[in-house]
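After this come two complexes, each holding chain A, first together with chain B and then together with chain C.
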Partner chain A sequence: MLLSLAFRNLWRNRRRTLLTLSAMVVSAALLILALGVFSGMFKDMLASATEQYYGHLVLAQPEYHLRRDLFANLSVDIVNHPALMNEPEILARSPRLRSFGLLSRQLSSQPVELLGIIPEFEQQVTSLRNKITAGYYPKLEDRNGAMIGQGLANKMKLKPGDELVFVTQAADGSIGNDLLIVRGVFATGDSRNDNSLVLAPLPWLQDVMVLPGRIHEVAMILANPMLAAEMADRLGPNLPENTEVLAWGDLLPEMREVIAAYGVSRMIIVTILYLATGLGILNTFFMSVMERTREFGILMAQGMRPMAIRSLVLLETLFLGGIALTIGLFCGALMTLYMQQVGIDLTTYITPITYAGGTILPRLHAVFEVANFLVPAGMLLLVSLIAGFLPANRAARLDPVVAVRED
Partner chain B sequence: MSIYHTSLIRKLLPLLILLPILSGAALALDIQSVIREVEQQYMGTSSRARTTMQVKTSHWERTLEMEAWSLERDYFLVRILEPAKERGVATLKRNREVWNYLPKVDRIIKVPPSMMGGSWMGSHITNDDLVKANHIDEDFHLRLLEETETNYVIECLPKEDAAVVWGKIVYRVRKTPQVPEQIDYFDEEMVRVREIHFDDIQQIGERIVPLRLTVLPLEKPDEMTVLHYRELVYDLDLDESYFSLRNLESP
Partner chain C sequence: MDHLFLAWKNLWRNRRRTIITLAAIAFSIMLVQAAHNLSYGVYAGMVDSGVRAGSGHIAVYRQNYLESRDETLHFTGRNLITEIAAIAGVEEVLPRLYIPALAQSSRESRGVMVIGVDPQRERGINPFLKALTADSMVRATDSRDAVIGVRLLDELQIKPGQKFVVTAQHQDGTLHSELLRVRGVVKSGMKDIDGSLIMVGLERAGLLTGSSGSVHELSVILANSNDEETVLDQVSTLIAAHPGIEAVNWERAMPNLANAIKLDYASQKFIFLIILLIVTIGVINTLLMSVMERMREFGVILALGSKPMTLRIMIMTEALMLGLLAATIGTLLGSLATWYLVDRGIDLAAFVPETLEFGGVVFDPIMRASWDPVWMSKIAGYVTGLTLLASLYPAIKAGRITPVEGMRHH
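And now, the complex of A and B:
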């Protein structure tokens, strides 16, 4: 009885209810969209750092990632360690050897970071394959085929087919040097990678560095990147001594903080927006309760208890919240879907921004994330209840004798 | 009397003021040439040398046989003779530029400014040492820190505008014969990071030089580079054209 009464009361002032409802729907829907776009931005940032360079997990000698010591290398066999092979969460593994040296062509030289990789495996870990602007991803058979960043290619005026000399310190103390042939050029938008990263086949680099059969790290991709830290802890004890598994959060602590801060900023945005919406709801129900003072007086005089009156008003706000929620979630999901599928390109207005080790691409693009729906939904109901509480209390505390006399 | 006295002082005053300056100038000139002689002891006006360089690090140890030519303080060419794998690898210094020739790829590479601090031929000598050691007397303020019966100790602090990597260099030079005994290098935090010791003092022509120098990087106590001059000939008939990029490639 109380339910149908509450529902019918809601529509007594149809225009007012619809206006409040639309405010709630719009705020919920826009919130969901905005959070979706934020998540999209963070996902781009994380992907730029992990899927373009680190991977989600990196296995190496302890401290290798800090000191990049040439001699802190491992046997290539570690790639096929049972602990890694038997872990279904790990989708791909790529062995890498890293060398810092000089890339030189005629009179121009640039310091570079050269990664020796096995193209077939590296392509499963990093997504540079999708960022190629000229040429192709070097194959293992190319022996000394290299893929370089767009920034480096521009600086040294290189194109596929050009010859380069790579010079570095080899592990036996000699000057490691050999010719490289540019096969592909990539552009990620991340200036660090684009200006100094070079990929070349692993056997070639092992030869140049006099490190046969050795690698520096194994980069891995997980089904769920958010489980990386947990996975690193789980793998550690099963791997040989003198190795360490690091999650992307360890390699990019700033990124981890940015993402943790996102959880907080999401709550702040939701709170601010809903504060305004809450005041709107509060206003609507105060008005509605004041108008019905006489009616509440009669109901009470007939024996309705204050608790029931309070529930009645609260139910009304809950109904309103529920309806707003349903439509808001639907509209929000629809807009998020649009932004996910189509998005907005901002390339003409801004350039990529590198921040906390990741790159924010010049585009607005949304992703679906459960929390982006749950948080606005839960908060909307909560706000409705809080905003309904004051008018409901007022209605419940009415003195029937006074209330009945009100015009 | 007092008038006479005053005028005497007046006459002497300029001299009194000038005296320390003059003696200081004379001294400064002196230590400048001491440093220059130390840094150019293997070069003279021109020279040719056969050297053996032993490099020991915690990961590997190797010995290189090299042949080197120099002219004044500006030109320097060195070529590896042994081991066979690296035969023909050569370094040319022209003024403040360094070039490397790599026979394996048959290419000449100019060492960019960012790599000047890097190791030269895997040793504990940097490219910067090759370029800047000859200019210590120009890039640093020199000061006689201590003079004993047998030695000078000279402190070198970088001039404000000098692009140098050291915070301080201290030379210990024996007076007679005038040969260096030890050079200490300090980084910008004034921590001593490298020592060079000199020994095997020999007479070469009219010069007396220590033929062996040992470079000790103090951060890595188990590492060192020993450079031993096997042959040293001064005052050859060399000119600038000898130190060309073409000559860097083909012996």
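And now, the complex of A and C:
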């Protein structure tokens, strides 16, 4: 009975309820949209570092990631270690040899990071194949076919088919140099990758560096990147000595912390926005309680307990919160869906921005994340309850004798 | 005058409601002002350290260098330095050569950016060099001393005092090498810088490519960033005598930083917008309630011969008063919050990584606000305007009642 009474009370002043409701819906829906877009930026940022370069999990010699020591290499056989092969979470594994050197062509030369890869495997780990703007992904048969970034191509005025010389330090102490032929050009939007990353077939680089059969790391991609740390811990003990598995969070500690701190900033934004909304709800319910002083007096005189009155008012705010929540979540989801499917391209206004070791792409693009809905939803109900508490208390404390006399 | 008095009295007839509405408006003004001032301060800090390590407030380049970073686009800067340094408001002019090169130790090789600088001038300005002692800086522009990023030092597996070789493309097409010795170590906190920076004297860098005596960039540091526009004009006039050379502001020279700030501020503005929207809806609600309650009263007033316009004006005056009062209180609170944020700041050290890079600069975990009074009064004005706008519908509604209807209203 209390429930239907509360629900009916809500609609006695329809205009007021609708206005309050609209404020709540607006705050919840826009908040969900904003959080979805922020999450989208973080996802782009994480992807720029993981799916375009590191992968989610990297196996290498301990401390290899700190110094990139040429001699901290492993046998290529480790790619097929049973611990890695039998783990269903690992979707793909790519053996890589890394070399830093100078790429030159006629009058220009640029320092680059060259990854020796097996195209078939690397394509499953990083997403560069979807970012090709000219030519094709080099094949293993190409032997010395290279894929370079758009920035590097622009600087050195390169196009597919052009020849380059790569100069680096080889493992035997000599200076290794050999000819490369540009086969493909990729553009990721991340200036670091686009300006200095070069991919070439693994056997070719092994020859140049005089490291036959050796690799520096195995990059792996997981079904769920957020489980990377857990997976790294689980794999560790089953792998040979003198190897270490690192999750992307260990390779990019500042990004991990930034993503963790996002939870805190999300909480702050939600709290601040809802404080303003909460004051609106508080106002509405105070007015609605004051108007009904006489009515409450009569109800109490007829024997309704103060507790029941309090519950009545609180139920009203909860109902309002519930309705606002349903509509707000729906609208928020709809807008997020739009931003996920369509998004807004900002390339004409801004360039990519580096942040915490990753790159934020110049686009507004939302992703769905459960917390982006749960936090605003939970907080909205909480704020409704808190905002309803004061008016409810006031209603419950009325003295029936005084209250019924009220005009 | 009577109107004002009446409106003021009406405002306080339902005291609790007015106070709650007032609190909501004032609170949001405070929040928006304080948040803006905080960002304003943080951005100013980012820009300051960004320009000092990067392009300067104003940068002078050969045309197209900025877009292509083509090392052959250098120019002779010696006379320009003195001329630009003489402009009022210019703190320092830093000549720089940027040469992509390969650094090699006996064990390892890495791609690096060799920056040729004027050691004395650079040390006084560049925040990366702040922690260096005087004798760990490059000693002369033609010495073999190098200041090198800490991660690069580690990756090359060398120690301060040890030798290494950098190789770059000489203008004549051959690869040219120079032997350098580690003099000082830079720890900027940014992976890119720490992993690839090598700073040497301008002359020594020039020897690498055969471009001695020339520079890629003149980085102009101002004593006060507000002078940017006037100094840029003066520099532009000055270099008009040197065809093919251009002067640009830091926003163009460092798009990464400028855009990072733009994007951050845009997302903040979106949140501001939501707050103001919610508050406006709240104000409409309050004013509408107050009109609905007084239907009977309005009926009587109209019956006594008042014009509907008078009623409308009265309601809008009430809203204006509410808005002005809220703007005053809100700005006071906003100032108080800003004062605290300027004086104490917010220490985010517990939440953000020790070295967080954003837009190419290290984010200072202690955020400090900085006053932006123009913007503060602007936002106070906006909110007053919004309150007035929110009163339109209730005012129109009140003006439409007929005396009979109004008086019948309970």
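As a working rule, the second predicted complex is superposed on the first by the 407 of 407 C-alpha atoms of A that agree within 3 Å, B and C clash if a C-alpha of one lies under 4 Å from a C-alpha of the other, contacts with A are read in each partner's own complex, and residues count from 1 in each chain.
Everything below uses one rule, namely that contacts are C-beta pairs under 8 Å (C-beta built on N, C-alpha and C of every residue); 3 or more make two chains touch, one makes a residue touch a chain.
Here the structure is a predicted model, which means the values were calculated and not measured.
When both complexes are overlaid on chain A, chain B and chain C end up clashing with each other.
By the touch criterion defined above, A:201 lies against neither chain B nor chain C after alignment on the C-alpha atoms of chain A. Contact with neither chain B nor chain C is seen for A:321 once the two complexes are overlaid on the shared chain. In the superposition on chain A, A:107 makes contact with both chain B and chain C. Contact with both chain B and chain C is seen for A:169 once the two complexes are overlaid on the shared chain. Legend: residue contacts after superposition of the two complexes on their common chain; A:184 is shown touching neither chain B nor chain C. Considering which of chain B and chain C touches more of chain A, the answer is C.
Mapped onto the common chain A, chain B and chain C collide along 110-118, the only clashing stretch among 20-28, 110-118, 200-208 or 236-244.
The contact surfaces that chain B and chain C form on chain A in the two complexes overlap at residues 71, 102, 104, 107, 109-111, 167, 169, 173. Considering their complex, residues 14, 16-17, 20-21, 23-24, 27-28, 31, 68-72, 100-102, 104, 106-113, 154-155, 157, 167-169, 171, 173, 175, 191-192, 196, 255-256, 259-260, 262-263, 267, 270-271, 274-275, 277-279, 281-282, 284-286, 288-289, 292, 351-353, 355-360 of chain C touch chain A.
Contact residues of chain A toward chain C in the complex are 15-16, 19-20, 22-23, 26-27, 30-31, 34, 37-38, 66-71, 100-102, 104, 106-113, 154-155, 167-169, 173, 191-192, 196, 253-254, 257-258, 261, 264, 269, 272-273, 275-277, 279-280, 282-284, 286-287, 290, 349-357, 360, 362.
Across the complex, chain A meets chain B through its residues 71, 102, 104, 107, 109-111, 165, 167, 169, 171-175, 177-179. By the touch criterion stated above, chain B contacts chain A in their complex at residues 55, 57, 59-62, 85-86, 89, 100, 102, 104-105, 107, 109-112, 114-115, 118-119, 121-122.
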